[in-house]
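Have a look at the structure that comes next, please.
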Amino acid sequence: MTTDITASFSFTLDQPSDVLLQFEAAAIPEQHIIESHCSIGEADHIARIPAQDDIGERIWLHADGRFDIEYRASVEVRRRLDDLATLNRLEPHELPGEAVQYLFDSRYCPASQFQPFVNAEFGQLSGGQLVLAMQDWINQRFTYEPGSSTPQTTALDSFVERRGICRDFTHVMITLARAAAIPARYLSVYDPGVNPPDFHAVAEVFLADPEIPGGGVWHIIDATRMADPATTVKIGVGRDAADVSFMTTFGYAHFQAKEVLVTARN
Amino acid sequence: MTTDITASFSFTLDQPSDVLLQFEAAAIPEQHIIESHCSIGEADHIARIPAQDDIGERIWLHADGRFDIEYRASVEVRRRLDDLATLNRLEPHELPGEAVQYLFDSRYCPASQFQPFVNAEFGQLSGGQLVLAMQDWINQRFTYEPGSSTPQTTALDSFVERRGICRDFTHVMITLARAAAIPARYLSVYDPGVNPPDFHAVAEVFLADPEIPGGGVWHIIDATRMADPATTVKIGVGRDAADVSFMTTFGYAHFQAKEVLVTARN
Amino acid sequence: MTTDITASFSFTLDQPSDVLLQFEAAAIPEQHIIESHCSIGEADHIARIPAQDDIGERIWLHADGRFDIEYRASVEVRRRLDDLATLNRLEPHELPGEAVQYLFDSRYCPASQFQPFVNAEFGQLSGGQLVLAMQDWINQRFTYEPGSSTPQTTALDSFVERRGICRDFTHVMITLARAAAIPARYLSVYDPGVNPPDFHAVAEVFLADPEIPGGGVWHIIDATRMADPATTVKIGVGRDAADVSFMTTFGYAHFQAKEVLVTARN
Amino acid sequence: MTTDITASFSFTLDQPSDVLLQFEAAAIPEQHIIESHCSIGEADHIARIPAQDDIGERIWLHADGRFDIEYRASVEVRRRLDDLATLNRLEPHELPGEAVQYLFDSRYCPASQFQPFVNAEFGQLSGGQLVLAMQDWINQRFTYEPGSSTPQTTALDSFVERRGICRDFTHVMITLARAAAIPARYLSVYDPGVNPPDFHAVAEVFLADPEIPGGGVWHIIDATRMADPATTVKIGVGRDAADVSFMTTFGYAHFQAKEVLVTARN
């Protein structure tokens, strides 16, 4: 499948400021960038740095005044789409170094507090079936309700409030998975099936690779069920929303406008 | 300087469990492991994996019953000991990918909330002088008080409670530095000057390298002022205490005993 | 001074619901209701109950559909306006039962955590001078910034974020006073000098009555400095914002419109 | 039933300090104090003040040095012991002023966040049956585990951690009841069936009086199921644990010893 992205963003800086951006499709094996075009306005300084886990890049700007960014890309998505129900987990002691950090508590995902709940509710399940049961559990109980959460809302809040946006669904998904010793990370994506299609958040869990003994593979899991892993384009990953922001400003910025169109074709 | 470490730990597992350990001096350029000996008891499975930022290793065990770990090491510490007061900061847009994650909010360090305070209190300072002023600010106002904090205590709590242990002092130090756009991470260390000498926590901040334009160096800063960077031996790093635990058990463990002796010699 | 209030509120209930309202000037000795008119729409059930500390009333409605409330009042304010700087505190052991509950931690005011800060920052002051110093401290450091806080924001958050609306300024004021063992409560008021003039929040502190040995008097203190106690009309009191809401709905309500005009005359 | 209480407490004050105590059986109609003896050591100042809702008294001391309190009481418990399953709730709009404050969020009981959960889990139940279902829900899922919670632990924490002491069970019970618009308060009690028998915490909920139309009665409900309302002796009530402390010190106290014996007889 090929996913086409057309995006434009505008913002204004009141004084010379540093801005960190992350909005491009990541150039990684599972998604081939057929073509892309990125035009960033005038800046004193533009630098690209590798983003977390070397998935995608972040862009540093030092700039002033109004900024208009145009981004277009066509991305061929060719990731493995295993049936999660058939996948085992890796035992904790089999986890490689890269996955271990995604077992720990993070800003919005205080996973260790959730162990008694996860044991009681899902204790008899394991691996991909456990992950799917967690996705069901959230999806059946939570309401997607824009405006019901704030940037301070944690998975602890969302778990009792049972509503939120994709960010909140994903924080609860990550938290439950980690509480069951399954590494889970936060993914910012473009997906044609989501409305709005930009900067949707989904979780990724690390499960056993059925083909390589002791090996593991990251799999997308969306507790909102709005994204389709066959067309999802990854922008970047992190522990949780604290790590994967479209724009972080060191100074004062006014966000002006955003327009994003994402479509899929065979 | 050479730091000698002798440590023994015992714990008992009620059933076959996975355990993640991190207690050895990290083999990194700034500290040369002259010799070391590590004896871990019987286990079905022992695996070493690289720890965060490739600083040190974590050890996975799958084991049962009683466990006795003996660890001895002699470490020659030869890190750069710049006078922080002379060091500049890197502008945010100069920061490399490896340092950027240490700008973000983490489990115990909600740095973005502290920006107004940091601007008001330290706005006129920069770089190493800013970091030293933050260390002073904490050190003069906080009381080291074992038992006054819990594993849930965040930098937000400690900031008003003005007391805690090394973990809490360090969380506030990290939080203030990040709020000023200086990357800061959490470091678990052995240090002969600290009582007890094991698993002391200090912060590390990323400042400009005076010798390499655009380059940066991590520097130890201890808000408790108990550690001496000339003798401090690094075990591991992380975003905050959530990432750097001596022992994480996936199952049920009873901690039995711990005995650690750390001394320095020229 | 006489304060004139004209207010209208509209809301719509989707189904028969219970609503708790509190918006009228309290009939208490310090403010004489010269005249008032309150028209509430059609309801199956309207009941007035005494509000907290017998200051003002709350109105229970059981109703359905659209609701329009019109309220007009002229209130002669004649409260004591002592110079706070001249007032002593009551020693804790002198406090009467009615004031003691206002020493304790409440939903948004975790005062006990702030004792070390309050001792360090204000330890040499006492009574009204202490309260005025706390008002100054907040007023000089905090920015009044609508939209910067949420209904979940506590005094702990506001204390580091140093911004908020009247609710947040007042929560910090209450928290600091309680941490110094001065009873403090939350007050919802009309005040002509405030924009918008409706449902402004201020604190009240309990200090020694210079005329009655062992007696105490509640005094208004506004950390935003927008209200003038000579014209402030009290609606109701509580531990914090959790207790004093203009409207609490048990069911689903849509708020339609609110228009309030408050003026003062001699 | 008659409950006999013998209690002794000792503490030491380092300097002249104010202390607020609440440890006596409340003299209220539902529990007749057959006899009682209270000996408090030497103090400059001893004053009794009515406690919250006029249930019991608090004692203010101003004192220095070592303090030994001896308290003995025989209390005939004769409260109504309705079968909760038969009791209706009062509609919110029927609630009297005294009960309304117990609908609101408090320090440890952020009830409004729990409404979606309570509606989903218990939406089809009402009144006493709802309260009993909540008691069951907690009792079946939670583990009584001394040391697993701290004085900062809220009902939000306990709800996911699913363990705690009587204080935590009671906070969750109160929170769920309030989220269903049933007034609920925190009760500190002596009860012979509890180990240790002193300062046990239970909840009280306000339900319809079957004998008086529109009237309500408070009923004890213990999510730990350790207390028996037929022998429980009430000490005091509050919004949550923040309000009902055995001892609050304004200054520095060392707690020395506590010995309590509570027995029941017919």
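Going in written order, the chains are labelled A, B, C and D, and every chain counts its residues from 1.
Simple rule for what comes next: a residue touches a chain if its C-beta (ideal position, glycine included) is under 8 Å from a C-beta of that chain, and two chains touch if they have at least 3 such contacts.
Because the structure is predicted, anything quoted here is derived from the model rather than measured.
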**Request:** Provide the labels of all chains in contact with chain A and in contact with chain B.
**Result:** C, D
**Message:** Based only on mean CA positions, could you tell me how far chain A sits from chain C in angstrom?
**Reply:** 43
**Item:** Interchain centroid distance [CA atoms averaged], chain C/chain D, Å
**Value:** 28
**Request:** Pull out every residue in chain B that's touching 2 or more other chains.
**Result:** 157
**Request:** Sort the chain contact graph into one of these: line, ring, star, complete or other.
**Result:** complete
**Fill in**
Contacts from chain C onto chain D in the complex sit at residues 18, 20, 45, 47, 49-52, 58, 60-62, 91-97, 100-101, 103-107, 110, 181, 238-239, 242-243, 248, 250
**Item:** Footprint of chain A on chain C - complex, ascending
**Value:** 150, 152-153, 157
**Item:** Contact set on chain D toward chain A in their complex
**Value:** 113-114, 116-117, 120, 141, 143, 156-157, 159-163
